[in-house]
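Below are two complexes that have subunit A in common, paired first with subunit B and then with subunit C.
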Partner chain A sequence: MSAAIREPRGRRPWKPTPARLGLYAFLLISALFFLMPLYVMVVTSLKGMPEIRQAHLLNLPAAPSFAAWSKAWFAACTGLSCNGIRVGFINSLRIMVPSVIVSILVGAITGYALSFWRPRGAVLLFGVLIAVAFIPYQVFIYPLVRIFSYLGINNSVPGIVVIHTIFGLPTMTLIFRNHFAALPEELFKAARVDGAGFWRIFGAIMLPMALPIIVVAVILQVTGIWNDFIFGLVFAGRENLPMTVQLNNIVNSTQGEREYNVEMAATLLTATVPLVVYFISGRWFVRGIAAGAVKG
Partner chain B sequence: MDRQGNVSLRGVAVAYGPVRVFDRLDLEVAQSEFLVLLGPSGCGKSTLLNAIAGLTEIDDGEIWIGGRNVTWHEPKDRGIAMVFQSYALYPRMNVRANLSFGLRVARTPRAEIERRVRVAAEMLQIGDLLDRRPAELSGGQRQRVAIGRALVRDAGVFLFDEPLSNLDAQLRSELRVEIKRLHQRLGATMIYVTHDQIEALTLADRIAVMKDRTFQQIGTPQEIYLRPVNRFVATFVGSPAMNFVPGRIEGAGAPVFRSASLRLPVPGYKFAHAPADGAPVELGIRPEHIILAPDASDAQEVSVEMSEPMGSDLLAWTRLGDLPLSIRLPAETMLTPGDRLRILLPENRLNLFDATNGARL
Partner chain C sequence: MRIGSRLSTHLALAPALLIALVAYCGAMGWTIWISFTNSRMLPSSVFVGLRQYSSLATNERWLTSVQNIAIFGLLFIAMALVLGFMLAALIDQRVRAESLLRSVFLYPFSMSFIVTGLAWRWLLDPTLGIEKVGHDLGLAWFRFDWLVRPERVIYTLVLAAVWHAAGLVMAIMLAGLRGVDPEIWKAVRVDGIPAWRAYLFIVVPLMRGSFATAVILLAVSVARLYDLSVAMTNGGPGIASEVPAKFVMDHLFERGNVGLATAAATTMLITVAAVLAPLMYWQYRQPARRPL
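Coming up: the complex of A and B.
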């Protein structure tokens, strides 16, 4: 009304258009689509079994209780032992921490060597590395099991760390190589004239410049290794089964009534680590990706 | 480290796979000499510098620095220091750490490191920047730090790879003077790569003009400027550029240059080798070597098309018949288009080039 008589001046007044409203509707529906399962899991985990039996999936819990969470953590049964999913949590940490460190370090060194030192056949090597990343990894499992048992590292934490390092190598090498390839080569030449060798240049100059990309690598590897199921099942050994495998055992080994609330709580607990990593580092994640575009 | 600094390239060849970059280049640079490698981009001058530094592998030949055969030496063992076009400062280190990095790698005693950093910082007036990061420096300051990093190495030979190309015109001329002053003060050998002919002329004791991966001419700035060995050198060096008039040489005993609009006897021209009678040639003369001579009987007449005042002098764009000819005149000359000037082309300032291969006659 007042806009109609006003002379155009300054910022144009906002007016909803059908296209705009449609866009918001679409975004809302998409968000609900992804949030709905999470919502159901959270409310179910806070309910008791009698309430769940009423099958009002979307209702809020009448008397929210963390009993299911505590049972999932301390006392849920995986097969015969009933020590809860915390055993798997510890195992996953024991696998993830060294795997993340070693795989990133190996990937960073490989990417650095490929982009600056250019050994003979570097292009071919890199091509093969990337090509291999596209082969379904199930193909490698049986040969690797044989190799590892020959070497005596099958069913052990070092074994699974080696596995994660090997399978993380293509991605880690790719992102580090691309990061280093974008740095001016004169930097490398200057360091060589200054007398620094392979490791000194890597440690004193290149690694400090790779900080944003290291954050990206940590996020990728933490998420990937934490969510891994098949490698953990095959290579970690019975004593070291990761959380994902234990979760599966809890969900699949039920005697009598299915404890939906415990299963939901266990699932949420398993998903906590990647979620926390993402929420803490989301800002860094974007920054790391953007850092590749502009100069460090 | 000894500060011997004569550099000698003996039959150096560089190849990237099957592609030959250089074939058997020879070059002698004397102790304390300032040699400039000048050429257009892609002529191989930077590759040559990298080969001297040991950053590019050579396929044949030898490189001698300070009387030692360093062909197989690592860059750090060659007694060289290098300054790069992009400065190549280590971004995560402050200026002090940048300056001292090489010394720390070499495990120099701390007191000695401190002393050398202080001397270099003083010499380049970067003492108050020592605790800053490269990102907090301006372009000129960054290049000073890069030069400082070369200084602390206390090397006998300094290699500069287009160090001023990323700077604006004002800073460039400032740092140019500073580099020259540094050379006089240190007495070190310097090899300097550039595509800027002004830098080459102002800095060099000798210039090596390169094109297509070979040396065209190696000589003092004056030789290069006044007696270019071929048409390429003549055009590449000098601004505004040399004038060229195509024509023929006639008469064996008393040679005369003849073109459609110009007849010029050149009896005293010192031919490097006498051309055949009637051979096609190009006559070259620099704009500042043309003399105004209103009263001379043998003067040529040109008409002014346009004039460009340059502050210190004035460049007149004229036509001799239908040939363009630029003439450098005193700044206070008043010209309007259409004016006619009478000029002389002094014989001792002429350059004659073979029209077929561009070589000086």
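Coming up: the complex of A and C.
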């Protein structure tokens, strides 16, 4: 990113030419298009149902109330149980924390082993990993369900952690391999000369130097695993359904009158974690996308 | 290499090797094998050749899914590329509040497809959504009920997906634009070439790598399209917004037709390989790409 920022910096004097006005008009309209759904979700979640039916969806709430938020959190129903979306929130945390740690650890070790030690077959293994990053999950899911139920880890938190490790491996290996491959070879050789072995070089030299890429990996995995729907649906089991799956159940299995304010509050609650990660991480988020997107 | 280190290397690669052999290659091979059997609820080992594929070819739900994903894929990739590139090019004109604008364009990408789908489903609600805004503003003729119109519903998925991903394209393109040699802009100014021509004929060809990256990322998300359809329309009305990934999932876990589902998954695999292989080849043969 830092490579080529064009020289003139600082504020430009304001010259309202027609082209300049058109440019800002287009950017403003685009910004409104991107912000509108978030705005509508927020105002809907703060209204009562009568107001939602009478006024239209862009109106500001007459008397903002967090009743829908509290109902979404504590008492929204999925099927027969009405314990709120907090159940999914806790499940998502229980799934996310070990999945993030394990998937990053496996990816970092694999990337390290592939970049410095180059065992036989490294190119082939790396090729397989990269290819999988592009293949639809549907190709793998059914046999994995069978294997997991044979091993007795289907419908369990360990099972879904393994799944996130399996499908996080291509990206995680890629970003760590690329990071390590960019480090000077001399560093590695010097450590070898000093008698450090495989794990010592990893723990004492490579891992501390990989701190920036670990941050990127955490951002990628936290948002990716939090936002996952399909794996949670298939592998987590009824007791551990993540927040996205529970949210979809709340909205799509409602019997009788639908409460749009509660639905929107639940939706916003589900979006909170990735949004917070996004706004805190800022440019790091973009780095994550770039790191995951650049191949080879 | 010392014996200990060699052993450690192999030990370190054991998880990845196991995953590659069992979860990737093994599972893929198994899926392909099942697609040649007469499996229904449970896998069977009775080989039936291409029978699953021929029944897939006449399955109305599958044909609708394929048609939908073709429309969706082309429109979504084209619109996300155009909008993303325009936003990047405009932001690159040293505008005020650049980082605020970037955050606004990219934030949808951080959210899940489930959230995206539910938000747009509410916005496009035929009775209380945008249509009602139009009516309340006195536009009695205003109609925007595409969500419940079978022949239009796929375009609502495109709309939501473009909203979700245009910022990603913008981020990639902005990085690409910042990598364009400033000398080129000087030359353009000296020669008095209009900006739009400079972008179209000089800058865009220079940014082949960024475009290839964006197209590959978008194409992968097209092939995986599942959550958005589930959350926004659940394939409806009727089967009007079914997509291949959802066809596979439904037949695996609800309709108990594993043979047909794996035939569909294998077809997806072949299609993805056929579309992505040339793209990847094209991107790899670029001379030394600039870092994003």
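One rule holds in what follows: the second predicted complex is superposed on the first by the 267 of 296 C-alpha atoms of A that agree within 3 Å, B and C clash if a C-alpha of one lies under 4 Å from a C-alpha of the other, contacts with A are read in each partner's own complex, and residues count from 1 in each chain.
Just so it is clear, contacts are C-beta pairs under 8 Å (C-beta built on N, C-alpha and C of every residue); 3 or more make two chains touch, one makes a residue touch a chain.
Everything quoted here is computed from the prediction, not taken from an experiment.
In the superposition on chain A, A:Ala63 contacts neither subunit B nor subunit C.
Once chain A of one complex is fitted onto chain A of the other, the partner contacts of A:Leu80 are absent, as it touches neither subunit B nor subunit C. Of the two partners subunit B and subunit C, more residues of subunit A are touched by C.
In the superposed model, A:Tyr112 makes contact with subunit C only, not with subunit B. In the superposition on chain A, contact of A:Asp194 is made with subunit B only, not with subunit C.
Look at A:Ala204: by the touch rule set out above, it reaches subunit B but stays clear of subunit C. With both structures placed on the common chain, the touch criterion links A:Ile141 to subunit C but leaves subunit B unconnected. Touching of subunit A by both subunit B and subunit C, each in its own complex, is seen for residues 296.
For subunit B in complex with subunit A, the touching residues are 50, 53, 55, 74-76, 80-82, 84-92, 101-102, 105-106, 149, 153, 161. In the complex of the two chains, the subunit C residues touching subunit A come out as 1-2, 4-6, 8-10, 12-13, 15-17, 19-20, 22-28, 30-31, 34, 43, 83, 86-87, 90-91, 93-96, 99, 101, 103-115, 118-120, 122-123, 125, 128-130, 132-133, 135-136, 163, 166-168, 171-172, 175, 178-180, 182, 213, 216-217, 220, 223-224, 226-227, 230-231, 234, 244-245, 248-249, 252-253, 258, 261-262, 264-266, 268-269, 272, 276, 280, 283-284, 289-292.
Within the complex formed with subunit B, the subunit A residues making contact are 184, 186-187, 189-196, 200, 204-205, 208-209, 296. On subunit A, the positions that touch subunit C within their shared complex are 1, 3-8, 11-12, 23-24, 26-27, 30-31, 33-38, 40-41, 44, 52-53, 55-58, 106, 109-110, 112-114, 117, 119, 125, 128-129, 132-144, 146-147, 165-166, 169, 173, 197-199, 223, 226-230, 234, 244, 247-248, 251-252, 260, 263-264, 267, 270-271, 274-275, 277-279, 282, 285-286, 289-290, 293-296.
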